[in-house]
Structure formats: structure tokens, C-alpha cells
Amino acid sequence: MSHRDIQNLLDVAAGECRHLARNGRQADYIPELAKADPALFSISAVTVGGEVRSSGDCGALFSMQSMSKVIALAYAIETFGEAEVFARVGMEPCSEPFNSIMKLEMTSAMPLNPFINAGAIVVAGMIAERAGGRALRDALAFASRMAGSGGELAVCERVYASEKATADRNRALAYFMHSVGTLRSDVEETLDLYFKLCGIEVNTPCLAAIGATLANGGVNPFSDSRVISLETAYIVIGLMSVCGLYDESGEFAVKVGVPAKSGVSGGIMCAVPGRMGIAVFSPPLDAGGNSVAGVAALSKLSRDLKLRGI
Amino acid sequence: MSHRDIQNLLDVAAGECRHLARNGRQADYIPELAKADPALFSISAVTVGGEVRSSGDCGALFSMQSMSKVIALAYAIETFGEAEVFARVGMEPCSEPFNSIMKLEMTSAMPLNPFINAGAIVVAGMIAERAGGRALRDALAFASRMAGSGGELAVCERVYASEKATADRNRALAYFMHSVGTLRSDVEETLDLYFKLCGIEVNTPCLAAIGATLANGGVNPFSDSRVISLETAYIVIGLMSVCGLYDESGEFAVKVGVPAKSGVSGGIMCAVPGRMGIAVFSPPLDAGGNSVAGVAALSKLSRDLKLRGI
Amino acid sequence: MSHRDIQNLLDVAAGECRHLARNGRQADYIPELAKADPALFSISAVTVGGEVRSSGDCGALFSMQSMSKVIALAYAIETFGEAEVFARVGMEPCSEPFNSIMKLEMTSAMPLNPFINAGAIVVAGMIAERAGGRALRDALAFASRMAGSGGELAVCERVYASEKATADRNRALAYFMHSVGTLRSDVEETLDLYFKLCGIEVNTPCLAAIGATLANGGVNPFSDSRVISLETAYIVIGLMSVCGLYDESGEFAVKVGVPAKSGVSGGIMCAVPGRMGIAVFSPPLDAGGNSVAGVAALSKLSRDLKLRGI
Amino acid sequence: MSHRDIQNLLDVAAGECRHLARNGRQADYIPELAKADPALFSISAVTVGGEVRSSGDCGALFSMQSMSKVIALAYAIETFGEAEVFARVGMEPCSEPFNSIMKLEMTSAMPLNPFINAGAIVVAGMIAERAGGRALRDALAFASRMAGSGGELAVCERVYASEKATADRNRALAYFMHSVGTLRSDVEETLDLYFKLCGIEVNTPCLAAIGATLANGGVNPFSDSRVISLETAYIVIGLMSVCGLYDESGEFAVKVGVPAKSGVSGGIMCAVPGRMGIAVFSPPLDAGGNSVAGVAALSKLSRDLKLRGI
């Protein structure tokens, strides 16, 4: 399939699906996210060969939100090793909401996976504890190598502040985990890093490039340098395939069928192993917290590009 | 990759992994399964082009157990349509054990997916209610078309009888669902069909052929006739990727990374879209109910054959 | 307080509260109970000195339903001893509905107390296992000694049959407990005894007499013979005070403040230690399954007779 | 029964039971409580007529801990009315541990009763919100009127500080409830009041006097002035009878059979309606968090004084 074809199919998906955004609603529990322009739509693909194709408002910036959990996980595995990370957090999908405390209480407080909030807070705690004041800088440098586009990723301060101000639930999760010893680092420091990671700003070309690094087995297609090991890529991609879209991970596996991670900012990042990274952005969300138009566009594209292999 | 290579890699995986069976233990809650020879090991691949390669005891017969849930689901979608099936059962992975009643009670008695027992009993109930006395015969004929090898699949009567005699937990699930209206068909009749489906006997070449039909988008590679639609294949494969290995579905996605469904008889059936079906059989199970040597062999093979695409 | 005063206060409570029945609805999940006349109302008191006072339709017969759990518990403690009974069932109130299976699954299948269905089924199983075919006859003889009025209590066959025919939920509980070893007796035989006990027919004078035997420390006030030990009376009364009114046990403790057990037939039996047994009957129930007019009348009477001691 | 008899029976209970403390262990999750002298033992009774009898170390001071929940509840009902309080917190016993978050999540975040931590935090929040900086002073004045002994109750600063420093779990509960709107007051301010109330210092004569005020229907037996209404006393006593001893409330109802509230400092306060308040203190606790020697002494005394009425 030629790159011209990819461009064409991105345009078709954008054209057919961006108007579906009207069936969704922006996240409103973080005030700053509620302000996003619901009409924005952008979709990008970066092949493992380094070709970039986009359609729509591909300059639009948005925060990574839960998509940063992919970055944090990959970084933690590279830093601490698979064994140490998965002694602290599980590998299994969770059938409770992403912010469930109940689930924690029933599983001896070991978060089921690193993509639910509890698990991501534990991962952030590991990073915060090791790196102290350098934690954010190191994580941003790592994320920038994943994106491989030269520039440095940065945190949107307004989103970070908004997130921190509306954090009762995450604070409850963190204090609970601290009370049972699951979270060992300082609670407020850990949450601070967690919120900052959620606030990392990207656009779809950048996000697709991160997906492409995963799809390429850990080697960034632009810089041609290995950012993470093949083993780490296997783990991250494997988890994206079972629990990347909150409580709609199964439905996404049926409709789209490729490893992905979504965020409540309206972004979805896919890694199609051996082929490409894809990113889509459209703020209005469905009831499960995933971009309505984004899922629709990816479903269309998955069929047109035979992303599942059939 | 040539077919000779596949044969070679199957032999390598078998050689390296069959002895790992000693780290597992056969299922013992169904007496007939406890009698399985723990030394048996078989692995087969059937490509979407119809090539068959096997290594080990590939004539050994075993019951499908939970792998029959794939057959029942595909058959139900083809018979009733996606909408009707998924009005009765969900699409999401379940973080409780496969036979949890609690989960049901907390989710208004709608089973989370068709691969946990509760969900499979609901699917069996739909089939039993529609087809009455013909239900088993019809389902066996359908399964035989999926396998496409000419012969007719049959139920192992001893396994079926053993299953039926030790069915307290499934009976509890079924009566509970009947009490809340989730299961509308006759409880004992539904369970009877469910146990019979669990008792369908296969060997790895046959099971790999069923996987190959799925991997080929619904067309059996031997008969070249379409057994299920591409849409049904997408659904079944999608669900296999998120919840095919009980409570170890996430770990399997990390270690192997291909859609699969396991059974407590020690079999695992994989569908690698666009490439091949793979089946492995080795009775001793890990704590999660999955074949120890089987998972290990598939993990090896996934890397050697780059089944994930990388 | 003279017995004339008691009669007067029963009449007042009846007069003020029987019309409140219009705010409730008969149980409808057991068809035979749905047929009860909603206008019936009866209230009786039997003092520890053996005086009987009644107001309303005190000849009206109704089935004991969950009130029979008191009989079964007292009988089981007398037969097997406290230690053996409470090795199989707990002593604590349950914050889940009376027929919750979830709760069982989370507590290693040990029912929290003998007044939830699961616990009462375990108690019935102990009796059924020991006494075999004589179980019901023995239990009825025991209940008759508790009532002490000379006649023999009997099972209403229509209610029993109706109960048995609509027993999915109890069947689910019993099969679940059998699957985990909590229930060791034959499931169907146990349920049969359980349903028959639920179907024991009483009127309020008879029920108040049973309460009076408890209130009198185990000695029936008519026959003056000891039916159960003081220790058994302490246990039964203690449990009635914390979990006798399903999910409204706390509210009843606040409103009425005396040990009691209700049934979905619309009866409530109280034991006021050292003073009297009281029984009330009015079929329409509140959302918690307790007689609306019955609770109101007892609340009035508790104040007028200073049943709490203040 | 003469007051000499009471003195005698207190001495007997003390003599027989104080050594049982060796079967327990002081609470250690609050460091300051772990320092309590395990050999201390004190028991006191205050009759509704104002007679005081004590045995053991009746000058020993200890913090009220969860017993302060009785004070806070009574104060809140008097201040806001029953309706407003029970619109925010339930009346039913809880079968989960006192600090369960799961339970909250499953019950729409409405705490099941005011004696579990979540419920007591909501009650503290109501008080904190209304009274602002005067909250503690007002609550202490109210508690002092309940005790009626002239002096003013005060907070042990060391216990309060220790409590505050080890409050992860309560902080998690409070932030969770704030996130869902159950707790509307400022989280840290509310917790501060809650910890201070837990730190109120008493001895057994003082605690028994508070119990006597409840047992006397709200009128302090020393001052003869009404502190709370009879209705409030009914509510508080009713709740004490169903959920005053954490997860051992049922067992306590069986063994002792009187309304009571315990605290992890090793105190237990009873209100025997129409007769007396009783308080016992012995720091070592059983697995359920209740004073081992305290429960034993009350069980003995309940029989000797026929506190149940039989």
C-alpha cells in the first residue's frame, strides 16, 4: 500500500467521521479539558519507515492524559526492569471503572494493571522516588526520544493546575494505597508527577510517532535509535491490546482490533506492530471516556488498511 | 517463511517446552479431565493457505472445554445477529474468576463477556431455546464446517457425564441468572447443551483448522467455503484477544500477543489474522487454568514466527 | 402494668396502624403469598406469665417464612451445640440483601448469619442430614413445644409448593454453597426442608407464644417446661436484635428497639426479654420486605409499653 | 438489687476477667495507643439514679476513639435534626470492616451508619461546616454535659497528633467521599475535628456517666438536666445495639446483649436502658478491635446483673 493511499484513507476517515463528534461530550471533571474546542479533529499516521501522513487540524495541541501512562510504563520498565514493575502492579484488564477503589480493596491493594489510575500512580511513585526532583525532566526527555522529532515535549501548566485542583478521587486512591503499603513514595509528590505527566502536550503527528516507535519494536523511525527494548515494546503493546480503552477495551478490540491507549483529552494512540503508529484527536467523548469520532475513524481505517491483518 | 520453516519451529517449540508440563497440574474438578496423560504434547499450525504442520502427539484427542465458547459464540452471532447476542452478554474482559457469581450480581446479572461461564451459558441458552432437540446436532455441524476436514465432530460422552456430575457452580450461575431473567431458557436443558459443547472432542490439527478459519476471515482454508462472515470473525477474534485466557489474558497478550482461547483440558487455540491458526495441547495447567507447556510453546513460537508482526 | 392495659394498648396500636397497610404491597415473588388478603391485621402479646391478649383478626393463618429461621436455629443449637452451628455460619449482620450470593463469594462462602437465606439453608442442611426423613416431623414437634399451645403446627402445602416452584435464587445459593463445601447435605433435599419450614402455618397468638418462650429464657409460659436452654435463648435473641429485619434491622432497632424476626408473609415476632412475646401480622410489605403496618404498630407499642426499658 | 451488690459484682467481674487481657494486643496503627499500659483495667457503673460504683484503675485516662462517634452523632441529631443527619448517613449495620472504601463505592458513597469511619467523618463534616472554629469547643461542652460531672472534657494532644500523622486510610475515605459529594465540608478541616474527637480523654466513671445519660433517656443522672431528647436517645441506643462493636456487633449482642460502643483505646461504653451506664477499660484488643478483658467482664456482668432482662 502506497503512502498516497494512506493519505487518501486518512482523508476519507476524517471526512466520514469528524462530524460524529456531535454525539459526544468533552470531559468536564477537569475544567481545563471542558474548554477544548469540540470541532477540532486530527488524524495522523507514522509508518515504521518514517513516513508521516495527517489529515485535519494536525497542529492542534492537547494533553496526553491517560496516554501518558504508556510513556510512564515504558520508562519504568526500562529503568527498573519488568520484574520490579510487575511486582507492584498487575497485567490484567480491570472490569471496574478506571478509578475504582473497591477493586483495589478486593485485590490486596495491588492495582490490576498500569493503565488504571491506581496502577499509574504506583508507577509514577516508583519514578518519583528514584529520580526525586529530576523525575519530570527525565520522563519528558524519555517521551521526547519516543516521539523522536527533535523538539522537547513539555507540560501544559494550565491543564496540570486544573488537574491538581480537582483531584479528590486520585488523592483518595493514593492515600488508600499508601495506607496499605502499595504506594511507598510521598503521596503529594507522587500525585504531582502524575498530574504533570497527564499534562504533557502533544499533537497527532507527535503522538503517532510515539506509536510508531512501539510498532517498530522500540526503535524510533526518525532517529533510527532504539528507545526501548523489543521486550518492553511487547509488554506495552500487549497491555494496550487488553486494557487501553478503559471499560471499552473489549469493544475497541472488536471494532478496531489494534493495540491502543486513549486519554480523556480526546486523543487515541495506536501501535500497529510492524506497520505504523496512528493517532487521532477529537475532544468529545462517549460514556466510556473515549473520543467518539476518534474510535469511529480508527474503526474505518482498520478495515480500509486491513490493520488487523484481514 | 516457508512451510518447512514452520515445521522446524514447531519442532523446536515442542522440544524446548513440552517438559515444562511438569510445572503444572491437570484440572481435577472434573474427574474425567484428571485422568488425562500429563505427558501428552501436541502442537499444530494450519496456514490460511491450507498447509498443515504438526509436532508431537497430534492424534491425541481432548475435549474443547472453554474453547467451545468460541464455536458457540460464532454460531450464535451467525444465527441471531450481533445485536441480539450482545443485548444479552457484554464485550468486556472480566477481572473476576471465570465462574464468579459476585460479578454477575454487581452488573445487573448481564455477563461481562461470552467467554466467562455465565456468558457462555447465556449463549448456550439462546441456542437451546431456538433449536430445541436439534441444538447439539446443529452446533456440531457448524463446528465441523469451521474445522473443514470432512469428518463430523462428536461429543465425548464420558467427559460430558463427568462434567454434568460436578456442575454445582455452573448450576448456581444458571439458576441465579434464571432468577433475574438473564437466562430465559430452561436451566437444566441449557446446562445440558453447555456441558455437551464442552465435551466436543478434537485434536490439535482440527483445532488449528478452526483457528485458521477465523484467521482467514471466516473462510475455511480447506473447503474454501465461507463459514462465518468477516464481521463475525472480527468480533470473535477481538474478544479472544482481550479475554481468551481467563484471568491471565493480559499476561498472555504480553507473552504471546495473539488472539487465543484456552480450555481446562489443556488446549489453546490461536487465530493469527491473515496468517494461520495454531493449536497446542498439554494437559497440566498453571494456577490460572491454562496449559503451562502450551503457553510457553506459543510464546516461543510467537517470537520465532514474528506472529505479532514484530 | 395490668393485662387490661396491654389489651387496651394493643387495640390502640391496631386502630392507629392497620390502615397504614395501604402503603405497602404483598410479596409477589411467591405467587401464593401475593394472594393474601391485604386488609387482614392481627396483633397479639403473650406475657412471660402466660397471659394472652390479642386485637384484630387473630385467627388468621399465615406462613412463618423467614420467622421459621428462628425455630430452625434454636433447634439446631439444641441439637448440635453452639460450637458446631457457628463453625458453619457466622453471627454478624449482613449489609447485603438477604439473598446475596456476592457476599458469600467474598466471605469464603461462610454465610454471615443464620437469618439470611444462605445461612438458613446451611442450618436446614445440618438438620436434614442428621434426621433424614424425620427432619420435618422433628422440627415441627420442636416448634410446637416452643408455641406450647397443645396442638401441632403444620405446613401449608400450597405455600410450600409455590415456594418450591419459584426457587431459582435459593437454588443458586444452595448449589453455590455445595460447590465450595459450605453445604454438605443433598441440595434438593435440603431445599425441600427449607421450603417446608418456611411454609409452617401460624396465627399471631401462636407466634407471640413462641416469642414469649424466648423472652422467658427458654421456658414456655403455658407448659412451664423448658424447651431450650437459657444460653440458646441468649444467642437467638441476640441475633434477632442485630439482624432480624433484613436490611432494615438498624432502622427497626431505632424505631422499635426490641429483638424481632420478620417474614415476607407479613408477620413479625418479637421477644422482649423478661416481659413478653409479641406478634403482628399484616401482609403488605415495605421495600425492605417488612410489614408496613406491623412495624408501625410495634413502634407505637414499644413506646406505650416502654418495651426498651425507657 | 442493692448498690452494694453492684459493687460486689463489678469486683467479681474485674477479678475474673482482667487477666484475660493477656490474650489481646494494643492497637498499634496509632503509635500513641501502642504505648498504653496493657495491665490497666477499670470498670464502672452509673445507675440512672446517679449512684457510681467502680472497680480497678478507675482514675486511668484513655482516649474515646470510636466511642466519640456516639457523642458526635447525638450532638449532630440535636443540632441538625434526625432527618438531616440520616439523609447523609444510613442506619444499617455494615458487614465490611469499619474502614472499608469498597462498601462506600457500592452504596453510592452513602456511609451505611454513623459508627463506621466514613459515616463518622460525614457527621464530623456537618459539625465542622456549621460551627467552623467553634466546632471542637461546642462538641466538648456537649460531651461534658453528657458526662455531667462538672469538669470539662479535653483532647489529649499527643493522641490527636499521633492519629493525624497516621491517617492515610481516613484521608482516603474523606477524599473519596468529597469526590462524590458525600462530604461537602473541607477535607482537612473535617479530619482535624474527627481526630480531635477521637482524642477526647475520659476515665471509666466519666464514660459510664455518659452511658447513664443515654440509659436514662437523655437526662443526666447527676445534673438531672435533659441533654438530649428521648427520641435522640432511642436512635443512638438503637444504633449501638446493632453496630457498636465493629465487625463483632453480632457476637457482642449474643454474649452481652446490651447496647454498647467500643473504641480501639480499649474502652467500651454501655447503655442499659432504664437501668445504668457501664464502662470498661483494658487496652489489649481482640482481632475485631475490641477490648478482650472488657468484653469478657461485660459478658459476666450481663448475666450476673440480668442486664438483658433475663
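Letters are used for the chains, namely A, B, C and D, taken in the order the chains are written, and counting of residues starts over at 1 for each.
Please note the rule applied: contacts are C-beta pairs under 8 Å (C-beta built on N, C-alpha and C of every residue); 3 or more make two chains touch, one makes a residue touch a chain.
Because the structure is predicted, anything quoted here is derived from the model rather than measured.
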item	value
For chain A and chain B, chains touching each	none
Computed distance of Cα centres, chain D from chain A, in Å	48
Approximate Å spacing (C-alpha centroids) for the pair chain B, chain D	56
Cα-centroid distance, chain C relative to chain D, in whole angstrom	31
Multi-chain contact sites of chain A, meaning residues that touch two or more partners	106
Overall pattern in which the protein chains touch one another (line/ring/star/complete/other)	ring
Chain C partner contacts - residues on chain D that touch it in the complex	90-96, 103, 112-113, 215-217, 230, 233-235, 237-239, 241-243, 247-251, 253-255, 257, 272-275, 306, 308-310
Touching residues (chain side chain D, partner chain A) in the complex	100-102, 105-106, 168-169, 171-176, 178-179, 187
